[in-house]
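Below you'll find the structures, each written out as structure tokens.
You will see two complexes here that share subunit A, one where it goes with subunit B and one where it goes with subunit C.
Coming up: the complex of A and B.
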């Protein structure tokens, strides 16, 4: 049987053979992410944007700022509305039409990341208390689904938020209408950096980072850890193979390393754009 | 932990049901299965587990979908799905009263309802919630008032085979040291929940 047929016929066995040697079929170590490519500010019509490639997985994020009235119970807070779209373009598993279960769960996950990490102070989106605030619509579009879209989305969202420049708004005292000055733009202050890393559990005990779509299908469980600087902000393990607490601690260590890698990557990209 | 009480067999048409009260939090769960499943959801070598979550008010949105997914994946792990290929197991969860530690209560009541329905399980699960407040103290099984003032909320699900972690879901920010402390605290308290399951079955 050729290696190609073996992979198709018995994918689990095929993976096991590789993992015995602590390596994956694509040549990566168990703790190694795919090559991450980041492009910031690629959509000129958006107020902030970013494109992330994690191996073949591609996610584009565009942020549009609009004005709206705040909620009565939180008169000083603006809104951030993330929306993840998984169209049939990115994978045959998705159908067109209203967002499927996975897209809804991902959108909710992004919202939780923004809320729990407090990367944007919602009060900084306030223009006039109780009357006018900014709402940031963050549209995340998956262009190619090759596993681990969560990490790509979190990175795209963070990079795009760092790229947001809001126009200055002044209130006309006579008419009480807001007047926008598009020439004077101020960057949005970002107070912390949420970075996510996803692990797949294979055969109930082997953990590896950044699974591809093939690996996700074979995995017996998935864990996503989001860190902000030196704190944990979200540990999400919805079911799957039970893990020992030590295994989780190992994942945390890898996540903190990843967090440093990502902040270096973002800084470098922003630098290269400034020049 | 707050006091737990449970009533089984309140509903007549389902295969198993449980109404679990944990402190003031109350959840009712019904289980149907193994039953037939819609063609497009049929899996050749195992059962399809579906969870429907009904909140007290409002239309279901993205938050409820995520909630459903966490419960479904947890139940899928516990159920011996390979024992019922090409069939479906449906779990319906109805919110009665949410006063804190809500996810834990939902998972525990789902586990009890599955037991009541006689679905074959790999192991039992017990969910425990703990809270880290502003002073950095850990509060076990918080109520909704404590949850509002808390810094972080962590829910753990343990199995009764080797007490490993089946599910984790957290909110807010905390250090890995605090995470470790919460894990060991919740692990010890999960044994109380298993003890409760045992006593409940003895009294039936």
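Coming up: the complex of A and C.
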């Protein structure tokens, strides 16, 4: 049996053979992310945009800002509405039609990341208290699905938010109508940087970071950890194999390292665009 | 349209092009790994992505199965952030449905459909940024994606738009020129055999001028073909070099 047939016929056994040597079939060790490529400001029709490639996985985020009326219970708060789209374009496993379960769960997860990390102060989106606020529609398009879309989405969203420049709005005192000044644009203040890292659990005890689509299918559990700078922000473990506390601690350590890598990557990208 | 001079006295258009000049085309094949074929194209500020899956078994309802030829399934969608105003629905609105239909009809005419009876080919097109000529960019991107997927076609399909301003036909119109209310003519051709597979014209145009505009559009399709052909050749030689094939 050739190696290729073995991989197709007995995928779990195939992976076990590699993992015994603490390495994965694509040559990465267990704590290694795929090469991450970031491009900021690639869509000029959007108010902020970013493209992320994590190995083959590709996610594009475009942000459109609109004006709306705030809720009565939070008159000073604007809105951030993330929406993840997993269309049949990105993988043969998705069907066309209304958003599937996975896409809805992802959208909700992104909303939680935004709310809990407080990366954007919602009050900074206020124009007139109780009357006019910004709503930021953050659309995340998955263009190529090769596993770990969560991490790619969080990075794309953060990078796109950092790219947002909102026009200044003044209220005409006579007519009380808002007037937009498109020439004076101010960047959106970002107060913290949420960074997510996803781990797959294999055979109930081996953990490795940044799973590909194949690895996601073989995994007995998935855990996602979101950190903001040096603090823990969110841990998401939807069932699957139970973990020992020391395994979790290892994951946390790796996540904080990733957080530093990502903030360096974002700084470098923004710096290279400025020049 | 008042206050907007589409063609200056010196004969230049708003974006500085000459009347028969195309916008800059940049394209790339094989951009994604999951799809069987994929391509990305930029025509000026219009950016379009196309992916192709198939030929594969019929998905969904088997009632769509065709006994003598392959079913070409298209989906045209525009990212919500691709236009000036945010789009509420990326697909499913009438304009996108119409575009989907047009793409399906265009590629039904160009793909060798009789080679794969009882199967299906999916063409997904996503407009990431729109600045006029969405149909044309979509067709060009889908052609490249089909070639990348290795699906037999009669010829390349190249599309280009044209308009008519101040007694002058102009090629490859952008969003401003498109929305100024002048005539708009869209042509998709098989450039090698000089055949037109798709033609649509809207808004008023005197019939004496029609042939001038069609001629320019068909000629522009040939220019597009030159660019696409070079891209495909470069891509093939790059791939064969990386595999160490003799060619």
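Throughout what follows, the second predicted complex is superposed on the first by the 275 of 275 C-alpha atoms of A that agree within 3 Å, B and C clash if a C-alpha of one lies under 4 Å from a C-alpha of the other, contacts with A are read in each partner's own complex, and residues count from 1 in each chain.
Note that in this section a contact is a pair of C-beta atoms (placed from the backbone, for glycine too) under 8 Å apart; a residue touches a chain by one contact, two chains touch by 3 or more.
It should be emphasised that the depicted structure is a prediction, and the values quoted were computed from it without experimental measurement.
Visitor: Let's test your reading of the overlay: on subunit A, do subunit B and subunit C clash or fit side by side?
Guide: Taken together on subunit A, subunit C would fit alongside subunit B, as the superposition shows.
Visitor: Pick one for A:66: touches subunit B only (first), subunit C only (second), both, or neither.
Guide: Second partner only, subunit C.
Visitor: Tell me which partner A:89 touches in the superposition: subunit B (first), subunit C (second), both or neither.
Guide: It touches subunit C, and subunit B stays clear.
Visitor: Given the touch rule stated above, what does A:202 touch, subunit B (first), subunit C (second), both, or neither?
Guide: In the superposed model, A:202 contacts neither subunit B nor subunit C.
Visitor: Please work out whether A:33 is in contact with subunit B alone, subunit C alone, both, or neither, and reply first, second, both or neither.
Guide: neither
Visitor: Looking at A:45, would you say it contacts subunit B, subunit C, both, or neither? Reply first, second, both or neither.
Guide: Only subunit C is touched by A:45; subunit B is not.
Visitor: Rounded to a whole Å, what is the shortest Cα gap between subunit B and subunit C in the overlaid structures?
Guide: Superposed on chain A, the two chains' closest C-alpha atoms are separated by 11 Å.
Visitor: Quick one: in the complex, what on subunit B touches subunit A?
Guide: So the residues of subunit B touching subunit A come out as 62-63, 65-66, 69-70, 72-77, 154, 158-159, 161-162, 164-176, 179-180, 183-184, 187.
Visitor: Quick one: which bits of subunit C touch subunit A in the complex? Just the residue numbers, please.
Guide: 31-35, 45, 47, 49, 51, 53, 56, 59-60, 75, 77, 79-84, 86, 90, 122, 124, 126, 128-131
Visitor: Of all residues in subunit A, which touch subunit B in the complex?
Guide: Residues of subunit A touching subunit B: 101, 104-105, 107-109, 111-112, 116-118, 221, 223, 228, 230-245, 248-249, 252.
Visitor: For subunit A, which residues count as touching subunit C in their complex?
Guide: Touch residues, subunit A against subunit C: 43-46, 49, 56, 58, 60, 62-64, 66, 83, 85, 87-92, 95-96, 137, 139, 141, 143-146, 213.
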